[in-house]
Amino acid sequence: MLELQKLVIRYGDFLAVDGVDMTVKQGEIVGIIGPNGAGKTSLLNAAAGLVRPFSGSVRFGADLLEDATPDVRLAHGLVLVPEVRGVFPMMSVHENLLVGAYLCRSTQEVARRIERVHRLFPILKDRRAQMVGTMSGGQQQMVAIASGLMASPKLLMLDEPSIGLAPVIIKEIGRTLGRLRDEGLTILLSEQNAKLATAIADRIYVVQAGRIQMARTTESLLDDPKFVESFLSLS
Amino acid sequence: MLGRFLPKLSVLVCAMAAMAGPALAADQPLKVGWNSELSGVWTFFGNACLDGARLAETEVNAKGKKIDLIVQDNQSNPAQAAAVARSLDTQEKVDLLSGPTNADVSLAVYGYAEDAKLPVLMPVAAFPQLTKPGTKQVFRMEPDAVGWGYAAVKFIKTMKSDAKIGVMMSDFAVNRAILAGLKYQAERDGIAIVAEMLFPQSASDATVQTAQMKAKKPDFVILAGGGAFDATLTRQMLDVGFKPEQLYHPYGSTKQIMTWGERSIGSYFGTFFDHNLPNLTEQGKAFVENFRKVKNYPPGYTENYCYSTVYLLNELVDKGAKGRDGIRAALREVNTKEVTTGVPIRFDQNGARIEYMYLMQLKSLSKDDFKTEKVNYMEWSPEVLPVYDLVR
Amino acid sequence: MLEENLLVVFSVITSGLLVGTIFSVVAAGLSLIHGTILLPQAANGQVFLGAGLLFWLFGTEWEWPLWLAVPTTFLIIGFLAFACEATILKRFYPLEDRNISYLIITLGIAQILSGIYTGTFGRISDTFQVTAPVNGFAIIEPVPIAYTRLIAFVLAGSVLGGLVAFLRLHRIGRALRAVFQNREAARLRGIDTLKIYRFAFLLGTAITTAGGILFALAFALDLTVGWTISLITFSIMIVGGPGSVVGALVVGLVFGFTQAIVSVFADPTVATFAYLLAMLAMLFIRPSGLFAK
Amino acid sequence: MRILVIAMVIATPLVAIFGLRNDFLVFIAGIALIHMLWASGLNLLYGFTGLIPLTYAGIAGISAYMTVHLVMRLGLSFWLALPIGSAAAALVGLLLSLPAIRLRGFYFALSGMVIQSAFTIAFVYFPAYTNGDTGIASVPRPTGFDGGAIPSPYMECVLALFVIAAVAGIGLTMRSRFGRTLITIREDEDLARALGINVTLNRTAAFIISSFIAGLGGGLYAHYIGFASPRAFDVLISLNLWLMVAMGGRGTLVGPLLGALLLAPLPYLLVQYTWVKDVIYGVAIVLVTLFLPQGIYGFVLKRKART
């Protein structure tokens, strides 16, 4: 579904991503794991169209997304929920969801999507009028994911959804992502903390210093003591 | 590369500068350096004055060039006005200066001219210090603003001998001078000033002040806003219930009078030229008509003073005045009449005009004309007022 | 005596409301532009003045009917704003710290406009008074209020109300707020920020234009008004918080009432210093203003 | 090489003074020299610390009014009054450096605009010292050794000496440790802090020196043109001084001199239609910001570096 080929990303002289190949297939949950500054966010941003790659290509389905801006990619169903603040703090929960469905002009369709999101996150229905800036970090992350879902994605990319959140909340997010996969959504998530990724992902890429170190299924990774030691025991 | 480039550049700059002022020595016509506000806040007055002066210049020069106006822009900026005076003096070698219409700019020109011993005939500038004692070079066509205040009190006293008056003015030099004269004379004539409000130059609303003024119940209110505030002030005074005949404007250009609006018919104002005065001279009537042909509105005091200034100079040339010394000497001896109104022109030893003033009441107002009724005419000498002590 | 005091009190209220709402409108336009694009539009006073002058030229000098004069004014200013955005402002969108370049550029544009006005309108008159579309005045005992000022107040209120409603309820309005609150997230929700920037600039300019026309209706214009308005509206925007229309409204009203009340007791000049000091204090204490994020 | 270029730029007005023997051009040359002094001083702040002080004309105005007051009211010699006025300007500069501690970039420039407006209003509304919007006329020219006013071509030479002294001073400062420190701060403030540099102290020092130069220019200006008025020191003048530095090339010694030389005479050469001047200045501001962010001299240097 998503295919990154020989992707190179530079910020001036700094080489952030150095020739990465990566694929995400329909219906999978794929995790990207790596330390801070490994190039995870750059990869996702390049896929979402926020960053222009220096070389290499991004393919989504049958389309080659060369110079497509984020709104074009969004219309194709490629949605990124960015790291930390993916929300609009001075807007209510409801308004955040409406902005999520910005490209959709049909009121009925928007209402349907809201209903679906409310089913997934019942708490957002109760707090629809609350200003997002006044909510807890976990709730804000839910708003961010929900708002991403409002764009009706085919592939949902999440950049560090668990960062700074309590373990209980991380688990809840994990459960929600599982449910979404069961509904047929493809998910690509990057994580510094490997626990969430290993708990739900089918396959995992380990990225370090802009290169892919390992690309394996989750089971085989969990059997690798070196991986467990360097990524799971730390946190 | 730059080493070769810069000397060329400097030559170019100098050449450009040299071209800016052709130093042709034409000895025939009288060279008048017209130091005028063609841009900046006083643009309108500078242009109005130039309109009048240009009309006179064309008429005077109809049979051979007698007067040459060399016009330069002082941007309504005193510093620039001093520079322009210098340019006209040293570059154009003019016989005298004229043109400024506003107090700040005129004072800058005054400073330069007194130092450089260059005569100046100020057409429209009412600030008293322009002809303070000891002035050698500057002569002034317009009566001074302290006198306007004095005249206002004298006039109001003819209508009600124990009148109470209020004052609302924008904080400009010329208005401060009017206020000084007003206060001085009011005290002597038993006229009470019940409220005195000065507005900053950026004021745009006077709702509260007009209500406060109403509460003080004055018989007459003297209004002098700056720029657009003048129109707003007038309207708001009428809004709050003042009658037009209670409003007294110490001065008003044609455009200003028109922007007061029809509701102000009946207001008094002191102006120094009224285009429908019955006792205009034949030339004065022609001036009004010719001016109206060009501008679609009748000339006001600014246009008249500048027109008359050029004619006064023309008269001096006819009498044989030549060069700076000749012009200065001739101005000291002037004893003539304004070509448009027939009002006498004489200067005292400081160069101040022996003062006079008309006071009018607005009778009707249309889009391009207004009519007034002559109410009062007075003459006085600057000596009746200690003008130079009242305003610094 | 009681009636006189009542008159002063009521005049404070009417003056505070009218001055406050008109300045709020202009400040809201400024705030919208700065909040969304990071563009401190220092030429906004000159745009305001240009709108008033054109409205005066068409409606009063050339005696066009209102339905023609007002839209023509909007069209001309809108076209100029569009041209300016497409040729100059657009180039700086990719820069992170563009607001400083914008401040300088718009100050330059202000200087150009002010030069053009003196070269053109400056020759015509020194006061520009719009002919009132309706004469007479209403009396709200004991205060008489001219109909034009009442109309200006109502229209200014509607412009502000309409703007707030648009920002809250319309899809594009929400997108504007989204861009202001979180640029990156907005792009990821499919909002084309460049289009929104252009839209915000045009909308802000249109609101400034409306402010200019309303001011011309309620008061009168001269060529010095532009700089004064720039300073006052910048103060209102900074204190209220760039990007916050509600902030502009609240602070604008406070400004209007303070001016009115101060001028009852003190020299009107004091009020001039007061708002400059308020802006400075706000810059030091909380540059994001009272009502922003 | 660079000294040669500087010498030539400063010499250009002097060519006008002695080469053309035209009184008005001599006057314009004097005006250009004063603006060169100002632009160099402003460059110390804008070019070497990156802050845009839109208060510069106001600072100059404070010294101008102070100097004029001391000379005309208290009868002090101009050469005694000028340093006092400039010291007052430097003191005000010290106060104005306070916003720089907290505010950066845009907000600093904006605070400058506000303070400048407050200055202008103060100049108008404290007529006891400034004579309000009427201004102070007939300000005497600086006096020479014989007690009389210095006559024209010599006065301009005195101005040129001021410019040379200021440029030399700034040039030496820039080579000193202090200058290198300032450049470090401009390039990367956080790095400077990490290196243990006292950013605030160094920047304040730059403010004081720069304001002192503004003050020198202000006092000289008022006494040179013979007039002091609020409009000579308002926000547009500040902006136009900034333009001279930016257009010439900020952060270089030659750039501001070049900018002042090109722009300062403009209003005086366009005496017939000066509203055009506003348009030209405005267009120049826009064009420089768009296409010549390094200024003319910066552009030339870059071209030279490439070839």
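The chains carry the letters A, B, C and D, assigned in the order they are written, with residues numbered from 1 in each.
Simple rule for what comes next: a residue touches a chain if its C-beta (ideal position, glycine included) is under 8 Å from a C-beta of that chain, and two chains touch if they have at least 3 such contacts.
Owing to the predicted nature of the structure, the values given are computational and were not obtained by experimental measurement.
Common neighbours of chain A and chain B under the contact rule above are C.
Between chain C and chain D, the least number of touch steps comes to 1. Distance between Cα centroids is largest for the pairing of chain A with B.
Relative to the centroid of all protein Cα atoms, the closest per-chain Cα centroid is that of C.
We define each chain's centre as the mean of its Cα atoms; on that basis chain B and chain D are separated by 35 Å.
Chain centres here are Cα averages; for chain A and chain D they lie 55 Å apart. Taking the mean of the C-alpha atoms as each chain's centre, chain A and chain C sit 42 Å apart. Counting only residues that touch two or more partner chains, chain C has 115, 118-119, 122, 269, 272. Within chain A, contacts with two or more other chains are made by no residue at all. Chain contacts: chain D has residues 121, 125, 273, 275, 277-278 touching two or more partner chains. Chain pairs that touch one another are A-C, B-C, B-D, C-D. Interface of chain A with chain C (complex): residues 48, 50, 69-71, 74-75, 79-82, 85-91, 95, 98-100, 102-103, 105, 133, 144, 147-148, 151.
Those residues of chain D that touch chain B in the complex are listed here as 1, 4-5, 8-9, 11-12, 15-16, 19-20, 22-25, 27-28, 31, 121, 124-125, 131-135, 137-139, 225-227, 229, 231-232, 261-262, 265, 267-275, 277-278, 300, 304. Of all residues in chain D, only 52, 99, 102-103, 105-107, 109-111, 113-115, 117-118, 121, 125, 235-236, 239, 242-243, 246, 273, 275-279, 281-286, 289-290 touch chain C in the complex they form.
Every residue of chain C that touches chain D in the complex is listed here, in rising order: 40, 42, 88, 91, 97, 99-101, 103-105, 107-116, 118-119, 122, 227, 231, 234-235, 238, 269, 272-273, 276-277, 279-280, 283-284, 287.
If you check the complex, the residues on chain B that touch chain D are 1-3, 6-7, 9-11, 13-14, 16-18, 20-21, 23, 38-40, 43, 71-73, 75-84, 86-87, 89-91, 103-104, 107-108, 110-112, 114-115, 127, 171-173, 200-201, 392.
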